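Scroll down for the structure; my scribbles are underneath it.
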Amino acid sequence: MKLLSTSALAGMLALGAAMAQAETVLNGLFMSQSAYSEADVRAMADAFTAAHPDIKLNLEFVPYEGLRDKTLLAQGSGSGYDVVLFDVIWPAEYATNGILLDVSDRITPEMKAGVLPGAWTTVEYQGKQYGMPWILDTKYLFYNKDMLAKAGIAAPPKTWAELNDQAKIIKDKGIVEFPIVWSWAQAEAVICDYTTLLSAYGGSFLDANGKPAFASGGGLQALEYMKATVDAGLTNPNSKEYLEEDVRRVFSNGEAAFALNWTYMFNLANAGDDSKVKGMIGVAPAPGVDGISKISAMNGSMGLGVTKTSKHPDEAWEFVAYMTSQPTQNAYAKLSLPIWASSYDDPAVTKGQEDMIAAARVSLAAMFPRPTTPKYNELSSLLQVAIQEALLGTNTPADALANAAAASGL
Amino acid sequence: MERRSPAFTVVIYASALLLAAVLLIPILWLFLMSVSSAADLAAKPLRWWPADLDFSRYRTLLTWEPNTMGQAFLAAIRNSLSVAFMAVGAALLVAIPGAWAVSRNPQMEWSLYALILTYMLPPVALAVPLYLGLSWLGLLNSTFGLAMIYLSILAPFTAWLLKSGFDAIPRDIEASARIDGARLDQILRILILPLAAPALSTAALFALLLSWDEFFYALLFTSDQKAKTVTVAIADIAGGRVSDYGLIAAAGVLAALPPLLIGLLMQRAIVAGLTSGGVKG
Amino acid sequence: MPTIPTTLRPWALMLPLLVVILGVVTWPLFRTVSLSLSDAGLVATSGNFVGPDNFVKNLGSRAFQAAFLNTAWFTLLSVGAELVLGVLVALLLNQEFRGRTLLRALMILPWALPTVVNAILWRLIYNPEYGALNSALLQLGVIDSYRSWLGQPQSAMLAMVVADVWKNFPIVALIGLAALQSVPRETHAAAIVDGAGAIARFRYVIWPYLAGPLMIALVLRTIEAFKVFDIIWVMTRGGPANSTRTLSILVYQEAFSFQRAGSGASLALIVTLFVMLLASGYVAIMRRSALRG
């Protein structure tokens, strides 16, 4: 067996060497059905290879859950991906474990100046950049204009308390049974919603010493708010099982008046084929809290980075730079808003989604990050369980959060 | 044969009907979901029987157009088939002589049980070292590499089933053949294997179903159309941002068709195999 | 072909089998053991030797104990239901009635359905807004409003057990049926002539033939249930609030999600050892009853 494999390896190396002289092969890891569909990403990549005929691209698409696993495993095997898509919550872990290449010195001053300031936190850890922001996203408050009109509400809520009030009116008028729907399944999705609320209440995840601070103050109030809306019958109780697609389905079926979701839902709910609420959708930044914040938003972006184990870092960086360049970003602006500040004044970008752009301008500037710690995954898991326990009633919000803080090892 | 009281007969037929319903309804529902329109599936309460049968999702999945979900799905089915046949074929090849040896030499039985112990390892335990090993051999994302791993899972089971099958064949048959001067491989090929055909079919079927069913290793060790199997493909479809339940159901139906058909065709062999050799204490 | 000495010949026949299995299993197993004794963090690096620390820490951790209980609960419910259902169905299929052959053929269906497809199917059935179960129960008047089956800790585990049992009881039934068919007719007939009632017949005539194969089915199903991963991963990922987090899911989390390969490896070994203990226990009982009977 060993003999066979050695000769096979030798053969492959020889072949590889021969091929390397002809062209560079880059392996990229992307997410299937992110803001950009697989077809979109391939189209972007094809345009890149058209301009760089000596580079061949091998793109792989995996569901979100597979993204991190595959990146880590490939790291261990020494051969693997040159370019990887990563979630904003991973640079801390990736950087600490030497997975991503520090590209701080490859980023030109023009790039630095041109990209939205809030976007850089997507790829930063301890002052260094580990990639380029690629998909900017945050959660917005979507609302059904028709339902609000029927209830006699003139404008979407500016505070979370107002949201509750408006939901109550809608519920009392019998327009819909559970006016608010969320994605609170035991997954990263619930942390996104929690973060939005936490930032609204002025809380923080970790204090200046890196110790958990979410079990009191804004963090606690956020969870208490979540529980309160369920108890008051304003939030769809099935939210505990929902991910973003479920929220979209419920909202698009006209079974909710308010929903917190990513940019992608706007076009699909407002104009998609399977939507029953076409043309009725409005979008606003997520509300704030009286006296503490005007709006709230969390950083749900993703970045593209070059791996440390890549054998062609220069070509890989060129690919990343191309994918995140302004022309490419602008061309697909309907799916994901560009990272470049000047794009927001470009009529080609804003056409047809003025509401979205107006909300995005404000929200993207206020994106609040989830904790940047290499142990984020574990912290997130503990928080997810804590939130579920509080929502299910098996634990009070205070106790659940305290348990999570204690178990986090921070 | 005792005569049954009419009441008992009623109980039997009622239970039989209940059993048939329990077995069939979920699968039928899967099929119905795959041909119901999205509107039907979102109705509350559900429309059980779709107004129009909508086969479009099958068209979506059964196309070979490049860069479509259909091509990815068909490639996955192809991969599952290829991995299954490679692994099952190899498993039978190595298991037959081994099972024969153990069957005719009871003192070797402990070795078979020792091999079966490997079945107790949760796949999670070996995943990381296996990944590194496959990577070193350059066999990541290859149907061959996956088949190799599956072979190690299928072989003990196959050997065990075959051993039971061989046990049921009386030794006199080969004794007389040996006296006539036949070699071992001739004995096996001409005499024993035909007699053990039911056990062989059972073993092959078990192995095929196990291989088709495997999810965890396929998830970790394959990455694209070259090797991704149908279990991973359907988990992708169900887990991604596809909100059309009908599409998920259609993918499920297609993914289940090969093992279901094989199961139906060979179920008689299973029962025969289990009865003849199989599972005696 | 070189003449292999007769005593070694059987082992020569075993050789391919041994090579194939041990070749793929031994080194990874060795590596897992060495990982379990280290504090290896990131999946691929090797850490420092820490001896039995991982084992001690995990055995004492609440997460492990909860996962163990969940796994034990799942195993008990699943295997128990499969055995009971399996025997009942085997008894039914052993009777003569029209359509029996067809029914036996249909029994293959749940078992042949791939685990992942089964998990997805039931997840769709249990969907709190659009699922078939809610709809059916509502229309039958059993419930008065839609329920969330996979979203409540109590019902989530039961719901998954139902899905698992549905898939697996047929194989237990078929094994039982094969055993029932090996009961000699004369003995059975004689028992009837002797005036033995149905229960006595079951206990003294049928059970001895049923016990062995059922025991094997029990061992197989217990091992499978203890290792369970696929169905839980696809249906609930271990939620809600970790109430369906079984040992394999915990191992996956430790090794992959939380980056503690060493700790994950130790958990995996604990599970393996426990499964081996269970299986040996069964085999011992089987041996003893075989000797007696």
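Just so it is clear, A, B and C label the chains in written order, and each chain counts residues from 1 on its own.
Note that in this section a contact is a pair of C-beta atoms (placed from the backbone, for glycine too) under 8 Å apart; a residue touches a chain by one contact, two chains touch by 3 or more.
Just so it is clear, the structure is predicted and the values come from calculations on it, not from any experiment.
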| item | value |
| --- | --- |
| Longest centre-to-centre distance from chain B, chain (CA-based) | A |
| Selected pair, greater C-beta contact count between A-B and B-C | B-C |
| CA centroid of chain A to CA centroid of chain C, Å | 38 |
| For chain B paired with chain C, centre-to-centre distance based on mean C-alpha positions, whole Å | 16 |
| Between chain A and chain B, centroid-to-centroid distance (C-alpha), Å | 39 |
| Chain A residues counted as touching two or more neighbouring chains | 69, 73, 76-77, 246, 249 |
| Residues within chain B bordering two or more other chains | 42, 128, 132, 235, 239 |
| Junction residues of chain C - those touching two or more other chains | 23, 43-44, 129 |
| Residue ranges of chain A in contact with chain B within the complex | 5, 8-9, 12, 32-33, 38-39, 42, 58, 60-63, 65-66, 69-70, 73, 76-79, 244-246, 248-249, 253, 264, 274 |
| Interface residues, chain C side, partner chain B - complex | 9-11, 13-14, 16-25, 27-29, 31-32, 35, 43-44, 89, 92, 95-97, 99-100, 103-117, 120-125, 127, 129-130, 132, 134-135, 138-139, 146, 166, 170, 174-175, 177-179, 181-182, 189, 192, 211-213, 215-217, 223, 227, 229-230, 234, 247-248, 251-252, 255, 261, 264-265, 268-269, 271-272, 275-276, 279, 286, 290 |
| Contacting residues of chain B [partner chain A, same complex] | 38, 42, 67, 128, 131-132, 135-138, 140, 219-220, 223-224, 235-236, 239-244 |
| Footprint of chain C on chain A - complex, ascending | 1, 69, 72-73, 75-77, 93, 97, 185-187, 237-238, 240-241, 246, 249-250, 255, 375, 377-378, 381, 384-385, 388-389, 392, 394 |
| Chain A-facing residues of chain C, complex | 23, 41-45, 128-129, 148, 150-153, 237-242, 253, 256-259 |
